[in-house]
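Dropping the structure in here first, questions after.
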Amino acid sequence: MRKVGKMLPLVMKMLIRKPATVMYPSVKPEMPEHFRGKLEFDASKCIGCKMCIRDCPSGALEIEKIGEKQFKAIVYLDRCIYCGQCTDSCPKKALKCTKCFELANYTRENLKVDI
Amino acid sequence: MGKILIPIGPQHPALKEPESFNILLEGERVAAANVTIGYNHRGIEKACESRTYIQDMYLIERICGICSHSHSTCFIQTVEEIAGLSIPKRASFIRTLIGELERVHSHLLWLGVAGHEIGFDTLFMYSWRDREFVMDILAMLTGNRVNYSVNTIGGVRRDISADQIQEVLKAVDILENRTEYYIQVAYEETTLISRLAGVGRLPEDVVMRLGATGPVARAAGVKKDVRRDDPYAAYADMEFNVITDDHADVLGRTIVRVKELMESYKIIRQLLNSIPDGPLIVKAPRKIPAGEAVTRYEAPRGEDVHYVKSNGTDMPERVKVRAPTLANLAAISYMLEGGYLADVPIVIAAIDPCFSCTDRMIKVSNMNSGEESILDWNGLRDYSIKWYREQGIELNNIKTFRGEVR
Amino acid sequence: MGTALFSILVFPGFIFLGLYSLIIEFVDRKLYARFQNRVGPPWFQPLADFIKLVSKETIIPCEADSRLFRILPAFALASASTAFLYIPVWGVKSLFPFEGDLIVVLYLLTIPTLTFFLAGWFSKSLYAEIGSIRTLTQLFACEVPLFMAFLGPAILTGTWSVSGVASYYNAHPLFALFNIPGLIVALIASQGKLERVPFDIPEAETEIVGGAFTEYSGRLLALFRMTIDIEMVVVSALIAAVFIPLFATSLPVLGFVLFLIKTLLVVFLLTIMRSVLARLRLEQMVNFFWKYMTPLALIQILIVLILKGVLAA
Amino acid sequence: MIDMEESLVKELTKKFVFLEGKCIITRERRISVEAPKKAFLDIIGYAASKLKFEQLCAITGLDAGENLEFIYHLANREGIMLNLKLTVSKANPEINTVTAVYNGAIFYERELEDLLGAKVAGLPREKHYPLPENWPEGQYPLRKDWKPDAVQQK
């Protein structure tokens, strides 16, 4: 059976319903448990094997030796595709994904960060 | 009034991605249509050849933003076939689950886009609102909303817990309720039907001749579904119907898609109720033995075909991707010709085109001069005039397009 | 002279009309959003949009006739605002009523649509030309039932002035019930006149980008946008005056509140129509107006004529 | 399990005797056939009309050293896939169009022309696809000896 304005009852009901809009950014959303955001590096666990660099699809990671068994990680936020493969590849689990996702910046230089 | 050549695209409000349709108009009628694609070339197939399989996995996933899981699963299945890996049952169930959830989100997205193309924004807003349920579910299961990265060679990366199963079932109940309503709308709302029925007809014999796939083919009554014909992952154990329709027009495609949603809910319930315990992953070698394989996958938009040839190293010799839109593209001109200009957007939208998938091969950037400069308005204008002049086009000489055609 | 100038320029003339049209646009957009389960724009959004457009660069295509391109928006705005002067804002009397102003108002309302056509045609752009042809086709389809719908009630009253019609029905409120078919036609046809869904064919953005306004930008576009908003106020006020002129009082404040309620009611109905329907095709729209709306308007006139005969007898 | 595949192979080798031994059932629902160039159109036409491989899924082009290899992936409604392989030398990379059999193959074949430098006889010469219009002649990106820096933006 055809009718014009089939959705009219539902549309009228919406007047009293709360809008479905998520009020981002005034209300911050809670990220899911497995969210793959900005990387986090635990320098004490790193053994400098560079497995993460080998598997990174976009060349976003750099591991630098800064001393005896001391490493620091540099990540290019503009290259990173947030796949989280490095966290899987790392044999010591020195890399971890955080829930941080608000990473926009004005210049490209600022997107190269030590983590 | 004579014939007018009207360009739709590369940039146009009806198109979500750059592609170009040159429509030759006689009044409001389309006399001829010509498709140009290739604006989105990123060189993925070539790039795959110089990356390892693990890196390719993520590159392939980014072929498309909507059917990312389809491409990634199709590619990984092919690699697994060459390597002779058989993945654990639980992993194949999770892959199938994500695949079906992706189909739900893609079809709901399509319903919204279709509504928008015919000026029915309320339908657009409602279906996208409901799509948020499945997006939230996907984010909960995999971490992210779009690129799930749940596949890995030899299995999956994320497990699903008992609580999550309950959450998914709850969301599926809500979505099923809403989808029933959309089916009613598709069958009853007069203005919707009058805009969709009889538009963009593509009868069965033309479907076969031009090789259209997916909902476009099924809407013409062609019972073609890779999930049934060439089962992969866990589909061999699932019970579902292949939805077909005999309208063979945009209305048929709408009905096929909304009814397919109901089948997807059915599959999701079966998957969740019978998911076996066990490991998630088998150890995969880094170097894949030499060989070749081709796999088909029923993506939301139709059949996705991946071919991989390996040469015994950790990088593939050749990767070939045939995205569903490329198969349906040949039918576009047929569907557009003889129709109205007003129907052009909805006919194009009805194949659910995904040009990121379709254009993916070669891109050359200027490697030598990495310099970047910011141009102001006049600078941009001068640059464009200079660019066109180099192409042999003098902008000042261009008169209107009218009268120059035929 | 001073008060007349004040009435024309400030209240209830141009400035009030401009502000009220922004409010009407806000109400329309907010309601539309709420119907779609969205939050919608904040109250100042139409004003902000207007200021933004005014402050932007105006680009005129080389191909276009520059003088005509500039003058048309002002022309459209002037005629739409002038039409408002003959519509009662409070009570049943408009500012400068004269016999026959109903016809003048309807003609003044046709002028903006014509300027849209001219603006599109002289933009010399493909989309704009197609849009302007569609505008003209739609004009021919929906103007006839619109005129007939408004003339029906006027026949009964024996006057061609909006104020006269309004005061007649205010005196005989029950007769307004006979005009319901006309009210339906007027609502639907004015939706077509205002180029809103399901009749937004001339500016269907997914098909022909911006329709006749494709090449317009900046200040000139702002004037056109304003014209459309003002048209909406005028049309809803006209429908309110002719079809629902009930409960008019001589108290200006109360009458003014009543005017707001009535126009907002009309806007509410128009917004519902736009949220539950899909856009029609050009030929479907033409069919619809000639097949259903024009006969319905004829029936309305017939009813009125019979009623008039009965009353005279 | 693979009865249907075997009967298809039998039917194919009955019609084209020289294909004996060149048809391999690689796995369930996959048949791979190495077709000689001169009989290629006959074979693909026979597969499409008589063996009911109604759908051309894709055409893969490969750079195999001295030769170019083209794989035509055909499928029927039972889900069986027939991979027809055609090898031509790089020196004379000429193949015939299959658009007469599969009308929708036009994009696949233009891709071969642009990316691998195949000469598809019978394909109307149109604009570049998928490469841009100003792409230099003789640059075929999917060939193994091609490097991205071979092409520079002007």
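The letters A, B, C and D name the chains in turn, as written, and every chain counts its residues from 1.
FYI, a contact is a pair of C-beta atoms (placed from the backbone, for glycine too) under 8 Å apart; a residue touches a chain by one contact, two chains touch by 3 or more.
All values reported here derive from a predicted model rather than from experimental measurement.
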item	value
Which of A-C and B-D has more C-beta contact pairs	B-D
Intercentroid distance (Cα basis), subunit D paired with subunit B, Å	24
Rounded Å distance between subunit A and subunit D, as computed from the means of their C-alpha atoms	41
Distance from subunit C to subunit A - Cα centre to Cα centre, in angstrom	50
Chain centre separation (subunit C, subunit D; CA means) in Å	62
Junction residues of subunit B, two or more chains touched	122-123, 126, 129, 189, 191-192
Multi-chain contact residues (two or more partners), subunit A	4-7, 11, 20
Pairs of chains satisfying the touch condition	A-B, A-C, B-C, B-D
Residue ranges of subunit C touching subunit B (in the complex, touch as defined)	35-38, 63, 124, 126-127, 129-130, 197-198, 200-201, 204-209, 275-284
Subunit D-facing residues of subunit B, complex	36-38, 41, 43, 45-46, 81, 208-213, 223-224, 226, 228-231, 293-294, 296, 303, 305, 307, 309, 317-318, 320, 322, 326-327, 329-331, 359, 361-362, 364-368, 390-391
Contact footprint of subunit C on subunit A as seen in their complex	4-8, 11-12, 14-15, 17, 19-21, 23
Footprint of subunit C on subunit B - complex, ascending	4, 6-7, 12-14, 25, 28, 115-123, 125-126, 129, 189, 191-192, 194-195, 340-345, 399-402
Subunit B contact footprint on subunit D (complex, rising order)	26-27, 29-30, 54-58, 60-63, 71, 73, 75, 77-79, 81, 83, 102-108, 111, 115, 127-132, 134, 141-142, 148-149, 151-154
